[in-house]
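Same chain, two partners: subunit A is paired with subunit B first, then with subunit C.
Up next, the complex of A and B:
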C-alpha cells in the first residue's frame, strides 16, 4: 500500500509500468535475502544433505563408488558401546556447564551494581573467551603437567599431597578438562547475563530499594525474572555444548586417556579409520539429540518474553 | 581402527609431523652428471606426440614448440614443510639445468595424510604427489598414473610392490627407512652398558640400569603426540625375520600369540611402561622437546624409524652421541630390521603435464640425493645408503623387506585391521597398552591381547577370509 501511495505522487504512470514497478518493489527484499540464502544453502544445507546420504552408505571418504547399506551405520552407532559409551564423558562438561552458568550469573549480578574497578573485572572475566582455543589448550597443558603451574601453586601452599598427574590420571583427567572449559566459556555467559541485566530499567531498582528490598530481593524478584529468556538460551547452549565438546580435549590430549568425547570419536572414525559413512551417522545422531534437547527445553521453559515489561 | 588400512603394504612414517630438519648437504656434481645421463634417457624414451599434446592442453610455457625438451608447469605436493623453501629449491635449480622449460612449484602440506586424501575427491591434487597411506591398493588406478610394471621397475628400485596393484607400480619410494630405536650413546655408556641388548629381557635390564645409574628417562613414549607410538608397529617382521609375516597375519585368528612379532613388540612396550621405565606422565609429553632431550641425555632411548636419526643429530649438541639400534631380538645370533619405503612419489592421473611430471619424478628419485641427505635407505637398488645407517652395518644387521601378498590378497591384512578397528598405525591401539601398563585401565596385558585377537577373528569372519 505504501508503495502505491508513493508511486502515485506526481505524474500518473501508465498502469502497466506501475505494475512492473510494484513488482520490483515487492521483489527487493527477496533479492537481498537471496545472497545469504544461497550461501546458507551452499555451505550448510547441501553439505548436511550429503551427510545424510553418506550416513546410509559405507563410503571411506575416497572411493569412487558409495555402496548403499541402509540403516546399518545407525544400528552400529546405537549398539556398539565403544561408540555411544563416550557420552558419559559429556556428563563432566554438563556438570561443568551448570557451575559455569552459576558463576557467570554471580559475577554478572555483582558487577551490574556499582562495584569498584567494575570495568577492569569485566575485562578480566571476559578475556579468556577472546583467546584462541588452541592457545588456551596449550596454556593448560603446561598448567597441568607434572611440575607445572598447578603443582607449583599447590606446593607453595604446602599442599604437595594433592599433586598428581592431572591429565595422566584417569580419575582426574575429565575434571581437569571440564574446568578448562568452564574457565574459557565463563566470559561468554557472563557477558550475555550482564547485557540482559543492564537492559532492566534503572527505576525498578529504585522503586524496590524505596520499598526496602535488599540486594538478594532485587536479584530474586527483578533480575532473575528479567533475564529468564537469556538464562534459558544459555541452558540450551550449555547442554548442546556439553554434548559436542571437541576442541579442548582434542588439542590437549587428542582424546587419549579416556578423554574422548562423541565428536572426537566421530572425527577419528571419519579421518583415522576412514569410515565416513559411520561417522556421518554419528553426526546425524548427535544433531538429532541436540534438536530433541532443544525441543524439550522449549516445552519446559516457554519463551515468555519477560514479565517486567 | 583402520588409520592405515594397509598394514604392510604401506609405509608408515608420518613424516609430515616429524621432519623438522634442514639437511645441509646438497647433492653434488656427481648427481648433476648422473642427472644429465638419465635425463637424456628418459626424455628420449618418453617423448612423442603425447608430450606435445599434453603440454598444449595445459597452456604450457611458450617454449613448448622446441620439441627436444619437456615443458610445462607442474605442482608438486610434499609433506616436507621444512625443506620446501631450501633444499627443494636447490633441487629445482639442478633439475632446470636439464629441463629449463619445466616450471616446478611446490605445495607443502602440514597435515599431509588428512588434507591430501580429502583433496583427492577433486581432480586438483597436484601433478606429482606422495600417495597418502590410507589409499587402498584397489583405489590406486583411480587416482594415479601407472609408472611401469613391477618386474621392470623392480630391477632398478626397492619397495616397488608397496604401492602396486595388478602388476603395475603407481609410486616409487622417496626414501627408505630401517626400524629400531634411536638412543643416546653417552647415556647408555654412563649406565655401564657396553653391549647392545639382544633380547627384550636384556633391553628391560639395560633400561633399568639407566634408571638406576643416570638421571635420564630410560625410554620416552611420546604418548601425547600419538604417532610416535605407531613407530613400534614398523618393527613387525624384524623379530621373526619372516618376509611373509603380514601375509600370514591375514591367515590366523590370533596374531597376538606368544612369540609372534606383535606379541613381542606389544609385550615389550607394556613391560617397559609397567616397570616404570618411561616418563612420569605420558599424557603431557612433547615431541619437539623430546628431540632436544635425547641430544642432551635427558632421554636415553626412543623407538623411531631411521628417518629420525638426522633430526636427532640436528637437535643434539654433539651429534656423535646419537646412535641407532635394532629391535632387541635376534634370530640365530643376527639382528634383523624391517626396511620399508617412505611415502611413494606418484603422478596425478588427471595431470595435464604428465611428461614434465615424470621428468621431475625420475630426477627426484634418481638424482636429487634426497634419500641420502635424509639419512635413509636409497630407493635405488644400486644407490648408496646414508652414513647414518653405518652403525647397522657394524652390528651386522640385516634388512628384511616384507614380501608383497599374493595376487588377489593385496591389502587384505589392512582390510581386516580396518574392519576390526584396531588401527595398527593408529596411536589409540598403543595408547591403550600404555594406559593399561601404568595402571589407568583395568586390563592386563593378556586381557588386551585376548581382546585384540577376538576382534581380529571377528573381522576375518565378517570379511569371509579363510
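Up next, the complex of A and C:
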C-alpha cells in the first residue's frame, strides 16, 4: 500500500528501470513467503492430498504398486464395529472436558476476586499443563497401580471396598484415563478464563456493587458475558480434542484394555499392521468430522477468525 | 459492611451478623476448595518425589505416603546414566534451538509479507494457512511419514526440526498480530530514506517483534520439549532419544522399579519447573496469546 504512495520518487528514472523496480517490488512478498509456503505445502498439503489418494488403495506402505480399491476402505471404517466402535471411548473424554471447563471456570472466578496466596494457587493449578506427557503418564501409572496412591488414599478414609485395579478393569479404565486428561489440561482452561475475566474493566464491578449486586449476580451479569467468546472457543476445542485423544492412553496402556481411541487405532493400523490404505481412510474420516465441528463453530461464533483476513 | 458497624440498631445488628456468617462460610468454602485443588494438583507429584528417594527394598516394604528414611541421589544417578538422559537433553536442546530459530525467522517473514504487502494470491495464502490449522497433526502422520521418508529425513534430528518448523501456523498468527501493531509510518519513513524491504524487515520490524519472539519461544519451547509422538515415530535410533522418548523407554528395562522411574520423571519435570518459577508472567501471557489464536 505504501509502495503506491512512494512511487512518485522514482519518476525521474527511465521507463525500463522503473519497470524493473516495479517488478522487483511485486516479487518481494513472494520471496518472503517462499520458504513458509514450501514448508506448508510439503508437510501439510502434500500429506493430506496423499492421504486421500492412499485411502482409495490397499497400500501397505512398502509396496511399489498400490491397488485401487475405490471406497472399500471407507466401507470398512463405517461398518466394522472394531473400527468405528472406538469412537465411544471419546465420550469419556468429552464428559471429562465438560467437568474440566466447569472446574476451570469456578477457580478462575474465585481467584479473580481478592484471595490470599493468589499467585501460589494460580501456579499450582496451571503447572500440570506444562509437564511432559510421558512424565504425566508415569505419574498416573504410579497413582492408579494396585496398592498405589489412590488405593492408599481410599484405605486412609476407610474405603477399602472401593479399591480395584483402576487401569486393569475395563469398567474403570476410561474413567481413570479421562480424569488424567482433566488433571493435565485444567490449567490451560483456567488461565484462559482468568485472563478473560481480568480483562473486564474494574468499573463494572464497582458500579454493580453500588447497585447492590452480590457475587453471584456479578458472575451472572458481568463475568459470564465477558468470557463468553473464550468459553465457546474452549467448548469447540474440547469436542475436537475428545475426538482426537492419543497421548495419555497410548503412553500409559498402549491402547490396551478397551482404552484405544480412534487415533490410536488409526496409528496402529498404519504402523503396526501396515494397512496404510485403511488407516488413511480412518484419518480422512476424522479430518472430515473435525472440519464439520469447526464449521459449526464458525456458524455459531461468526466473528472468530474474521480479523485474520 | 463496615459503615453499618457503628449503628446499634438491634434489627440491623442481627442482619449484619447473619451476613457475616454467610460471608464467613463463603470464605471457608473458597479456601476449602482451593486447598482441595492444591492437594489434587500436588499430591500425585509429591508421592513421586518420595518414591524417587527410596532404596529398592525400602520401596517394596513402604506405602506410597511413607517418607524415605534418608535423602539419597543414587536413583537419580541410575536414571540419568542408564536412562541415557544426557544424550536426550543434548538432542532435545539441539532440536529446540534450531526449530525455534527457524520458526521465528519464517513466522516473522511470513507475517511481514502478509501484513505489509498487497499482492496477487494474498487471500489464497491466508486461506491455506488458516485451513492448515484445522488439520489434526497426529492422524496425518500416516501420510506425512511417507514424505519425511522420501526426503531422507527419517531417523535424523532434521525430521523433527522440519516438522516443528514447517507445520507451525500459530506462530505466524502471533507474529501477524504484533506486526499489525507496528505503525506503517515507520516503514514508510525508512523507505523514503532509501531502505530496501529486506532492510526494513531486518532493522525495523524484527527488533520491534521482541515481545512476540518471547511469546513464541515459550509456547513453542514447551510444545517441543513435551512432544512425544514426532520423535517417537521419526527418530527410533538409540542415540536419537529426546527427553520424552528417553523417559518412555524406561518402561522396558526398569519395568517395576518405580524408584528409578520416579527419578527419571523428576529429572524431566525439573527444567520446566525452574523455568516456570522464574518466568511465570511470560508463561501466562504466552499461553493466553497462543491458545486464543
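Basically, the second predicted complex is superposed on the first by the 261 of 309 C-alpha atoms of A that agree within 3 Å, B and C clash if a C-alpha of one lies under 4 Å from a C-alpha of the other, contacts with A are read in each partner's own complex, and residues count from 1 in each chain.
By definition in this document, a contact is a pair of C-beta atoms (placed from the backbone, for glycine too) under 8 Å apart; a residue touches a chain by one contact, two chains touch by 3 or more.
Nothing here was measured: the structure is a model prediction, and the numbers come from that model.
Would you check which partner chain A:271 touches, where first means subunit B only, second means subunit C only, and both and neither mean what they say?
both
On the A-aligned overlay, A:209 touches which partner chain: subunit B = first, subunit C = second, or both, or neither?
neither
For A:170 in the superposed arrangement: first (subunit B), second (subunit C), both or neither?
first
Now for A:54: first (subunit B), second (subunit C), both, or neither, which partner does it touch?
second
Touch test for A:251: subunit B only (first), subunit C only (second), both, or neither?
The answer is second: A:251 touches subunit C but not subunit B.
After superposition on the shared chain, which partner residues are touched by A:217: those of subunit B (first), subunit C (second), both, or neither?
neither
Classify the contacts of A:64 with the two partner chains as first (subunit B alone), second (subunit C alone), both, or neither.
Only subunit B; A:64 stays clear of subunit C.
Between subunit B and subunit C, which one contacts more residues of subunit A in the superposed model?
With both complexes superposed on chain A, more residues of subunit A are touched by C.
Which residues would you name on subunit A as touching subunit B in one complex and subunit C in the other?
Residues common to the subunit A contacts of subunit C and of subunit B are 61, 148, 271, listed in rising order.
Show which residues of subunit B lie in contact with subunit A when the two form their complex.
For subunit B paired with subunit A, touching residues are 1-3, 5, 114, 117-118, 120-121, 134-136, 139, 142, 223-224, 226, 280-284, 418, 421, 423, 426-428, 431, 435, 438, 440-441.
Using the touch rule from the top, collect the residues of subunit C that touch subunit A in their complex.
Residues 26, 30-31, 33-34, 37-38, 40-45, 47-48, 51, 63-65, 106-107, 109-110, 112-114, 116-119, 122-123, 125-126, 128-130, 132, 134-136, 138-147, 151, 162-163, 165-167, 169, 172-173, 176, 184, 187-188, 191-192, 197, 201, 222, 225-226, 228-229, 233, 243-245, 247-248, 250, 258, 261-262, 264-265, 268-269, 272-273, 276-277, 280, 283-284, 287-288, 291-292 of subunit C touch subunit A in their complex.
Give the list of subunit A residues in touch with subunit B in this complex.
Subunit A reaches subunit B through residues 60-64, 141, 144-146, 148, 165, 167-170, 173, 253-254, 256-258, 268, 271-275.
Applying the document's contact rule, which stretches of subunit A touch subunit C when the two form their complex?
1-3, 5-6, 9, 25-26, 28-30, 32-33, 35-37, 39-40, 42-48, 50-51, 54, 61, 103, 106-107, 110, 115-116, 119, 121-135, 138-140, 142-143, 147-149, 152, 156, 183, 188, 191-192, 195, 215, 230, 233, 240, 244, 246-247, 251, 263, 266-267, 270-271, 276, 279-280, 282-283, 286-287, 290-291, 294, 305, 308-309
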